[in-house]
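Here it is: the structure, laid out below.
Labels for the chains are A, B, C and D, by order of writing; each one numbers its residues from 1.
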Amino acid sequence: MGNSFGKLFKITTFGESHGKALGVIVDGCPAGLVLDEEKIRLEMQRRKPGQSKITTQRKEEDEIQILSGTFEGKTTGTPIGILIPNADQKSKDYSHIADKFRPSHADFTYSEKYGIRDYRGGGRSSARETAARVAAGAIAKQLLDHYGVIIQAYVSQVGELKLQKNYAQLDLSKTEENIVRCPDPETAESMIALIDAVRKDRDTIGGTVTCVIKNTPVGLGEPVFDRLHAELGKAMLSINAVKGFEYGSGFEGVKMRGSEHNDAISREGGKTHTLTNHSGGIQGGISNGEDIYFNVAFKPVATIMQDQESINEAGETVVVSGKGRHDPCVVPRAVPIVEAMAALVLADYILLAKNNKL
Amino acid sequence: MGNSFGKLFKITTFGESHGKALGVIVDGCPAGLVLDEEKIRLEMQRRKPGQSKITTQRKEEDEIQILSGTFEGKTTGTPIGILIPNADQKSKDYSHIADKFRPSHADFTYSEKYGIRDYRGGGRSSARETAARVAAGAIAKQLLDHYGVIIQAYVSQVGELKLQKNYAQLDLSKTEENIVRCPDPETAESMIALIDAVRKDRDTIGGTVTCVIKNTPVGLGEPVFDRLHAELGKAMLSINAVKGFEYGSGFEGVKMRGSEHNDAISREGGKTHTLTNHSGGIQGGISNGEDIYFNVAFKPVATIMQDQESINEAGETVVVSGKGRHDPCVVPRAVPIVEAMAALVLADYILLAKNNKL
Amino acid sequence: MGNSFGKLFKITTFGESHGKALGVIVDGCPAGLVLDEEKIRLEMQRRKPGQSKITTQRKEEDEIQILSGTFEGKTTGTPIGILIPNADQKSKDYSHIADKFRPSHADFTYSEKYGIRDYRGGGRSSARETAARVAAGAIAKQLLDHYGVIIQAYVSQVGELKLQKNYAQLDLSKTEENIVRCPDPETAESMIALIDAVRKDRDTIGGTVTCVIKNTPVGLGEPVFDRLHAELGKAMLSINAVKGFEYGSGFEGVKMRGSEHNDAISREGGKTHTLTNHSGGIQGGISNGEDIYFNVAFKPVATIMQDQESINEAGETVVVSGKGRHDPCVVPRAVPIVEAMAALVLADYILLAKNNKL
Amino acid sequence: MGNSFGKLFKITTFGESHGKALGVIVDGCPAGLVLDEEKIRLEMQRRKPGQSKITTQRKEEDEIQILSGTFEGKTTGTPIGILIPNADQKSKDYSHIADKFRPSHADFTYSEKYGIRDYRGGGRSSARETAARVAAGAIAKQLLDHYGVIIQAYVSQVGELKLQKNYAQLDLSKTEENIVRCPDPETAESMIALIDAVRKDRDTIGGTVTCVIKNTPVGLGEPVFDRLHAELGKAMLSINAVKGFEYGSGFEGVKMRGSEHNDAISREGGKTHTLTNHSGGIQGGISNGEDIYFNVAFKPVATIMQDQESINEAGETVVVSGKGRHDPCVVPRAVPIVEAMAALVLADYILLAKNNKL
């Protein structure tokens, strides 16, 4: 249960961290979309491990194979099956934790829920699973290209180090210019230094990803339960290590008065606009055409290179020692994952909106 | 689209603020549950307008009628239909905004999406819709009683005024003892004073509701997409005026290091426990048996008793003046709504978990 | 569970035979549809009991109340709630079977499945539940009017008495001219006489309804599982007393050879047509623009005015004697129900088809 | 859209006839099921082409690869990904029909619906797609083994040649003893001779598969829409070439009177039974514990080795000549497909029934 996402543009994923392969089926992509495999590969590159000194040094090429759903370079309306073989399966790395519950991992909960678990690399609970999402999201992005929708995420906080500018004050085209994916070069440098220091401490640290969606058509969102931001929130909260989601004014908006917070509406050049955008581009759960923006909070990675107290499956006290190759901070690699999940939501909601009115 | 919530314990709602009635169908409640209508009425009372000086003075008795799905006081496994007639429909109050888009309301987005809208009291976009959720949630709560699950929400912030104690330091049985629903009497008094001052300013203010879920069985949650907290997040974000959701360490967790954040696991008296609970009772998207806790951010109510600039449907600049009877701050009445949505998620996930293992 | 039908044009029903009311929520009807309540009432009249000497003499006015989802005569895109109060609840009629399992009814299965059952008039298992479907179907029909789709069902068989002409040889406008709803006046007369004779025998008899759908757009159907005819089949099989469904050549097609059965394709006047239509308007699960036609088999009504052997809830042998007012043959009243379910499928699939291609 | 089946035990398939691979994801299989891959392979063998002189001579080994969802021989509760590589892709066989619409195939409807189609071997509309269903169904069967549910299908009719005995009069263990899969040896011989004669005529012929399900627990089925037989009907109608479905008395039941048709209920040895079983093991859409049985009608295969008139994509009249290697009659290979789809429905409904009552 729970491995499908979306209503009309729907994905279903499978695969464990150290199994034979990951994969995803994209069902519901309209026919006739020219599918650029290279663009999918580029997104996979952005997410893949071993890409820089501040990410895990594990090597996975994350090559994708498109098995169905396209013909002569275009989507055919039939399900698109994508395979991502697992190349670098160092399963032995994990034998030492086979019967131990790593603190703040999903070992205990998977064991209790299912009575059995693939302990190698966290099995299905590994963030490796998000590779399948990025592949599917790269298809969603190409569908969104047709509608002019642009999705840009970036790292806005690492530990206490918080970007002091909001998205409108930044040049988001610079996000990919540094390995931490923060569009402000100076802050980026500090973030990289911080992550590197944390790594040397054999520790990990949390961070925040901000995502901006531009050119959203007015009218996306399906109240009352499937509000656009509710689905975006669920999408983000379904990503490994995410602890919070806020859009528009978010938790800061709590402090404001209605007279400050309300976005006055005006009309310019035949288009309706709001003078401010505390609403974050969504009102009543429906996009109003303004920029959508939201923050996603990621906790520090649970695997640390330090001894920690825990128990094993027999209930005995044990020491868990981090081994293997892990990320000291998840946010640089989370940027394309956040974008992918946002793209999946937007693609789905654009298809849903076709039936708004007669 | 979008008016159903839940997979096995599923609700579907209907109804506009000033239509004939609201209602909800609860499908999937197991048979044999003794249904106490009085408990449903009590929840309705907690949400209803006009309950105190700091809420809207609009009067709605919010009487419920159970039309089906029960027999001789018990649920029968068939859908439970509930009707909530709209008693106090002062539709004339709204004629002055029939063709105007109120700032930060859903007027513009509903108009654009559907090409038509019931402007009376916001129609379907009104928070009045949540009455149906509270009725359904009150049934979910009675199902949860059988499993010993306890859900308690309270107001933890109004404007800048933030409760300085966390849930474990509070006596949550005191929540209902004051009209703002904050379990700390002193803070409650300050919050009431603040809301009252804001009301006199003809303004509104935001706030935060914190929710705690105790005695959750281990093993609830359906990764990878339907993680327990992802569904809780969606549930909360689907409530009117909500701008953010965080669970466990939340946005503060971003600042922490893994070595601080990780919850060490120990075993006492035959039960597995964590020594800290930054995880918020959920690991890998699955409940671990510890308390689940989360915060929900509510923006200031958009209707203020002040003149605001906006446009009408013709695109002309107009002044919108607040009339009618509105809440200066939504959080006191949001407490039972947050609990209701949490109950719906938990009930659903308990049913889903029946098939975890053979 | 199981009380919703449809993906985008989705209905959810509730209500027991002798409860306070039946009802339905229609979610997903596009906004802007002019809704003619009179047309809904007309469909309700076609289904209602007591309409002729060959139907049950029970009286139910089946008045509908539209509670939401429309504004100034048009749909608003929000859920349409419809209530059908139960007027004629002669619950005492059923006390004699309170603990008995009537043969070929759902008494035993509901009792076993749910451990409790509303025995009055069969509770939720009563065909009275289809009133809600007819109301919803009448809205679907009005949506289909916009697309020119026409749905016409009629009685094609009662007992051994089978209409010898196929739909193309009949004038379907005559269906409503007689009480059995068979468009061939002579056969109709024989059918009426047969049903009347069966009624006098205190017995019941089965029958077949044929349904024809004209002007279906090419391209409806969602292979591989949600083929158009698979959904039509499910829709029909979900109606009380239905035992079989066949479309196009159906069970007779089994006997044919490919060379006879294949529908040669030709092009005339800019339109692609098939010279024969054994396919029944659907190929590969997708409509091809030809007439869709199918047969639905209804068993004889289980309630007969005769003594039958059975057991009670204690497992003791008892005699069940038919009382109350029941239909000797269900097909005359089933005609509008078949049309309603067909309309719901077609409306849903037209909305789904909006995203076939880019 | 439309490539998923099931609610809790849910499958999603992908793959074209001549693409790189077919595949299926099984989501929702409870953890802890010992999975015997050999049993899956056996089912694949029963469906695979080239198995006898009366099936297509095309060779596909239909080797399966399980990519995820199992660990040390057991299911883990995570999605089971299965890959079936396409070995024998003679795509050149199809170049002659690249722009032609084969009569009674899905060429025209796929072209119109999607604006593009993979013409090689029918692409997604090929019955080759059912290989993925058989693989998934073989897992469902292993789950059903735990509940003692037994599913047995067989060929009951080929052309006019109809088995004169009902299932209770046959020894179903003999079904696999002949290549046509008819448990009556004499009838089997006649059927084989008939199919062979048809094949020599370069023609095809239809047939019927009967399926029997024994030991079903009482209480499966989710009225009102998701009645057990409605879902079985949809499952069968979703199989290529199926034109009809009937269960229990089926279309013959139409001719009967209630007094004959009703199944008297009795109690023997502590179990409730019906003395006859016209109901086909399902009453009110819920299993009553008696044998479930149903018939599935298959039309003659559309590909015949004869010239047929048709048109091409440009609308010009063309002659379509059958080439390639095709089945003269689909039913022998359809037997395991019918069983697979029945198993998927039963597995799903057993999981759903866990929440019937408190």
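Rule of thumb we're sticking to: a residue touches a chain if its C-beta (ideal position, glycine included) is under 8 Å from a C-beta of that chain, and two chains touch if they have at least 3 such contacts.
Here the structure is a predicted model, which is why all the values come from computation and not from measurement.
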Over-half contact-pair match to C-D, picked out of the listed pairs B-D, A-B or A-D: A-B
B-C compared against A-B, more contacting pairs: A-B
Computed distance of Cα centres, chain C from chain B, in Å: 39
Inter-chain centre distance, chain A versus chain C - centres from mean C-alpha coordinates, in Å: 46
Centre-of-Cα separation between chain B and chain A, whole angstrom: 26
Chain B, residues touching no fewer than two other chains: 1-4, 8, 13, 28, 31-32, 77, 113-116, 124, 352, 355-357
Residue ranges of chain C touching chain D (in the complex, touch as defined): 1-5, 13, 101, 103-106, 108-110, 112-116, 124-125, 129, 157, 159-160, 198, 201, 203-208, 218-219, 221-227, 229-231, 233-235, 237-238, 243-251, 253-267, 270, 272, 274, 278-280, 282-288, 295, 297-304, 306, 308-311, 315-317, 352-353, 355-357
Chain B - residues contacting chain C, complex: 1-4, 8, 10, 12-16, 19-23, 25, 27-28, 31-32, 65-69, 71-72, 74, 76-81, 83, 113-118, 123-124
Chain B residues within the chain D interface of the complex: 8, 28, 30-33, 77, 143, 146, 351-352, 354-358
